[in-house]
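A, B, C and D label the chains in the order they appear, each numbered from 1.
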Amino acid sequence: MTKNISYGMVGGALGAFIGDVHRKAIAFDPRAALAAGCFSTDPQRNGATGQAYALDPARVYANYQEMAQKESARPDGIHFVSITTQNNTHYQIAKCFLQHGIHVVCEKPLCFTVQEAQELAALAKQKALLFAVMYSYSGYTMVKVMREMIAAGKIGQVIAVNAEYAQEWLIDELGESDPGTAKLSGWRSDPKVAGISNCVGDIGTHIEHTVHYLTGLRIKRLLATADTFGKALDMNANMILEYENGAKGAYWCSQVAFGNLNGLAVRIYGNQGSLEWQQHYPDYVRYTPKGRAPQVMSRGTGYIGGAAAGGNRLPSGHPEGLYVGFANVYRNFIGAVIKKRDGTPLAAADLDFPTVEDGVNGVRFLHAVMDSAANDSAWRTME
Amino acid sequence: MTKNISYGMVGGALGAFIGDVHRKAIAFDPRAALAAGCFSTDPQRNGATGQAYALDPARVYANYQEMAQKESARPDGIHFVSITTQNNTHYQIAKCFLQHGIHVVCEKPLCFTVQEAQELAALAKQKALLFAVMYSYSGYTMVKVMREMIAAGKIGQVIAVNAEYAQEWLIDELGESDPGTAKLSGWRSDPKVAGISNCVGDIGTHIEHTVHYLTGLRIKRLLATADTFGKALDMNANMILEYENGAKGAYWCSQVAFGNLNGLAVRIYGNQGSLEWQQHYPDYVRYTPKGRAPQVMSRGTGYIGGAAAGGNRLPSGHPEGLYVGFANVYRNFIGAVIKKRDGTPLAAADLDFPTVEDGVNGVRFLHAVMDSAANDSAWRTME
Amino acid sequence: MTKNISYGMVGGALGAFIGDVHRKAIAFDPRAALAAGCFSTDPQRNGATGQAYALDPARVYANYQEMAQKESARPDGIHFVSITTQNNTHYQIAKCFLQHGIHVVCEKPLCFTVQEAQELAALAKQKALLFAVMYSYSGYTMVKVMREMIAAGKIGQVIAVNAEYAQEWLIDELGESDPGTAKLSGWRSDPKVAGISNCVGDIGTHIEHTVHYLTGLRIKRLLATADTFGKALDMNANMILEYENGAKGAYWCSQVAFGNLNGLAVRIYGNQGSLEWQQHYPDYVRYTPKGRAPQVMSRGTGYIGGAAAGGNRLPSGHPEGLYVGFANVYRNFIGAVIKKRDGTPLAAADLDFPTVEDGVNGVRFLHAVMDSAANDSAWRTME
Amino acid sequence: MTKNISYGMVGGALGAFIGDVHRKAIAFDPRAALAAGCFSTDPQRNGATGQAYALDPARVYANYQEMAQKESARPDGIHFVSITTQNNTHYQIAKCFLQHGIHVVCEKPLCFTVQEAQELAALAKQKALLFAVMYSYSGYTMVKVMREMIAAGKIGQVIAVNAEYAQEWLIDELGESDPGTAKLSGWRSDPKVAGISNCVGDIGTHIEHTVHYLTGLRIKRLLATADTFGKALDMNANMILEYENGAKGAYWCSQVAFGNLNGLAVRIYGNQGSLEWQQHYPDYVRYTPKGRAPQVMSRGTGYIGGAAAGGNRLPSGHPEGLYVGFANVYRNFIGAVIKKRDGTPLAAADLDFPTVEDGVNGVRFLHAVMDSAANDSAWRTME
């Protein structure tokens, strides 16, 4: 039996939402155990979190630099670190762990500038380290099924894309906001912490990654509008894109669209068929083959072939949910880390998780969108 | 009892699709009888159509000029004419009937140039004639209900719009087309007959009108891309719009999007709620009031108030369908014609049908879109 | 060109709902003109209705007996009569017109007793007259498509059925009802007028007919419960059925089920596939072939074959609605009447409309259900 | 901080489906650690499973009797056991652990006979032990929300129920089955192992429990048909039920209904509103309040009140999935076990998980249904 690995976490103190999702997701497959952490800059919260997970107190660190240094020095040090801190800290933390030779999983957005992103990518490459960026929706089984179908030519050449990510949770920001209670108060309203964008950075980049993951299409150029409604950062944006194959796409992201909760939805149109998917119902894909009726394909059924079908955890008709999306990203990442540790050569299929290159693309995309929006919707490339 | 009126038709020979829809729609309310026609330039088809509807052969005319002249001279001449001919003939036919003092219903697009459109509008105004352009989707009861809800402030101020009209029927045009069988052969592929646009002209203008009818928003400027896929005319287009109130919108129209049949869908987002509607299920509206769950409102139910609710023809749960949409446009138009005839003053509510001004807007929109698309997506106004 | 026919109507004065639907439906195809009527027992309403439709006053009759007698004596007398009166009058009116040699279309339920129903069937047969009972849902194109698919073996042998017809409109009857305003006041609460059942008779019989029309299955026996909630007649009923082929089915009808407007829904399960259909969205069928994903088939598309596909009136994606359902029943019935008049032999396909035999089945079904419900849910046959 | 507890498992060797779901679900909340097990009667599989979870080899037992005895004797013995073995072993294993004073979670069905079920219930009561039966669907947050809404009178008095659980996975059993590959081969086709029923026992009981959990309604009597299609056990069944409050219900369960994967769906109709829910989309509830439009309520939103709303794990729009349903049952059960251990009094709300009494009800229901079906659908009580 393969010996398990261990991991550490930066961020994710008890009560923090996304760090908890990461831990639950890793726990889905008993191959990586939490062994170290720097969960909070508040020593009490930090310690309490370590205790809750029965960590050796010596491996609950006051700061991430110490953690990277000491863990890399231990013979039983962590194999990878999960970074679930605020956006403005991703770059420095990821860089530190890479420098100490530790594989990295980082929440998105990877960082704030293209230069930083490229630096992290170069460093990971130089150190031959694995680096995943948590675009969790690519972990859904049916997203992988669609990707395989497109690669296998089931919809022919892609000729048009329509995708969106709509939410409603920031609608109250449109009125007179009370600085004490506003949802955009705190770091989300502070460009130094949140970066140059709120809506495009937070959810627009998920559109970009999901479409790219599904189709492999590269964006040649794009134009955009972004709406701040008089506030510091954008809460709604429209984009038109031209891909390198000549197809056009339209993306829309919004945090002020009533009736939408977490509505990532992609529709990919080819000259031989189309595929549609909504994150709200992740186990289902609407597939229209040329000349035939639209089909509602369900995860886990016999008519779904390919490698992705093997990734099911629950039988058809039993909803897998978001935790499984995260868990699937980690399953592949951890599998690759174990192979690395064991000196097993990695095949392309072993790297089926969003990488630091995807993180670089996300930052490029974000900057191109915001730059176009700031320049009267002029076309911008992804360079 | 009010004395009924009579109408004539240009176009719409037996076997023609849209002319038949117009006749059926008018027949829904027994207030206007078909009394004259110039159904086809083929004398045999023309005569056969007149015979099928038991018309006086003397009122089946060889050309529309003669029809306009003779009908306007008869004491029992037609009160209005329905024009259901090819796009390139609308202008001259409509102009001719207006000059002879006959009210007009014309299929969309109204005509090819803004100048022609304005000329028709001016002529109708000068002659004090009624002029409807058949944007039939505004006839659906639930579209009228949404319009009333927006006017009543149910969703507050509009802050974003997302609308589309997607079809798949021209997908085969993307390949090597056989001139003999291609769907875009004939007048649809000939700019002289079809105008400067195929997709935006045919269905994109329906988006523009539906959003305008629902919200009253005026477009300040727009930018667009249009895809011809190497053929003569566009089959796919993306637009971003800025309305005069500052809100932004995104429109998408396509005739090559597998899985879409006649998918006009509009989503209007306000700062107090949202409304969504799909033409495929015209009797239903999804309404999300602020802070509440989305509701699926059905036509004909007790919780729908306002004047529009009075327009129901069938009880709730009995689908009304497209014929009823056309019939409702005609119900209002014919009601106005009767009031005109009787010298009854017309109130604003009597003019609840798409008018020649809407037709002008449609032509302006079409030109702005195609001009932007031809100029690397530069912003264009609706002037 | 085929010479058109004429028809008369009993019931359906101006303002009456269902008579108007019949007239609009007949007007969809210009082959039968309204020529005579006995619209109301109120002379003024009767006359006004005749005038609205420009009838010869001599053919607006004070009673149906006179109408049947005089029309049958005229050389240009009506070819068929449409009966849209209250349920308790169907039998005598239909009988009278049959006796005078006039084809009949009658609203459902056909009549109150199996004996009466059989008598009408026998009379029609003896006189070689056509007799349609208006089970309008069988007129929907997609219902006909499903019927053809089942006949062609697309779902194999039927092994289970689940069907329902749920409404909410009588919910207020459950409380203390005001005799003046209650919806069940008047004839609907009077067994002498409404018959032995309200809910099963009004909508349960539609389930029975739709399933039979689709599958051809004959009911071997059934058992039922019926709920009156302390009132005169049933408003909710459950049934379990055994068909002659051994399959079982469950039917549910209700007029007190919140959230349901006119929810006729049928699901037919075979050993090679299944078919599902909802009246609220009549243009769509969900088809699951064995081993494949469920498909959402749309009316008017190229992948739908068979004769039924030829019955489309509107292109795919344009909702046809309930009027078209009625119109399709009339299209087939009127086609058969014309063939009869012209001495053209009738093929089986010409009789694709619900007949008096279907009406007899409906009465049998209703009596079996109510008899089982009254006898502690004992099994009852359809004899 | 509360000290965590430990648990053991009987069944659930590596590769077994449902045992793994239980372990993942327990791991969602870091309050109970796997400490002992008797995972398989195959020593090698048993040992490998213990090793995979890093158990002390001394606590991986060859049989459950030894496990119950030794664990109950240890000062650090397990606090509860999860039983995920074949149906025919539940009774004896559960009894054994109860006799040794260990709390029990048992997969459903609890056991085969009403007498055994009552014996287990009595034993748990006598020993004051907690006993959960894994009706996992009651763990979904929105099921709990509906339950609270009904208790709060949001739909008034329940007047009708329509519920079903439809699957398609056994359809191939209808043909000539190959004993070697048939899905119903093995224990599922052997009444000694599977019990007296396949379909009603496996999924019909979920309908019974879900409706009871939601409404609190008690079944007064029921009648049923069950279809074996010539095989050993039922694969399809229809039921009509009368509740003690006089309302009627219809249940349908099937494993041969094409197009259904794991289709548990319940619709509860009251005299003030209705509630509908489908397991395929567990985060959504359709709620129709009297006189208002149907609403689609989503888990995690602000308009959902009550205690159940506090049970969310993910923000609205992020699908929770089946694992969370299991995890929520365990969260409440483990919370109650901890209170028991600590001597904290248990409130009613602490016992919000399906109990041994629910298990007894399930067995009663199953016997009543199968007995009615075997006796020509005679009414049967739940005694």
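What we mean here is this: contacts are C-beta pairs under 8 Å (C-beta built on N, C-alpha and C of every residue); 3 or more make two chains touch, one makes a residue touch a chain.
Values in this document were obtained by computation on a predicted structure and should not be read as measured data.
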item: A-D compared against B-D, more contacting pairs; value: A-D
item: Farthest chain (mean CA position) relative to subunit B; value: D
item: Whole-Å separation of chain centres (CA-atom averages), subunit A against subunit B; value: 44
item: Mean-CA-position distance for subunit D and subunit B (Å); value: 56
item: Inter-chain centre distance, subunit A versus subunit D - centres from mean C-alpha coordinates, in Å; value: 35
item: For subunit C, residues that touch 2 or more chains besides their own; value: 294, 298, 301
item: Topology of the chain contact graph, where touching chains are joined (line, ring, star, complete, other); value: complete
item: Residues of subunit D that touch subunit C when the two form their complex; value: 155, 159-160, 162, 164, 168, 171, 174-175, 223, 225, 227, 229, 236, 238, 240, 242, 248-250, 252, 254, 256-259, 267, 269-271, 273-274, 276, 286, 288-290, 294, 376-377, 379
item: Touching residues (chain side subunit D, partner subunit A) in the complex; value: 1, 17, 21, 24, 27-28, 30, 48, 51-53, 167, 260-263, 279-283, 298, 300-301, 314-324
item: Sites on subunit C touched by subunit A in the complex; value: 287, 291-298, 301-303
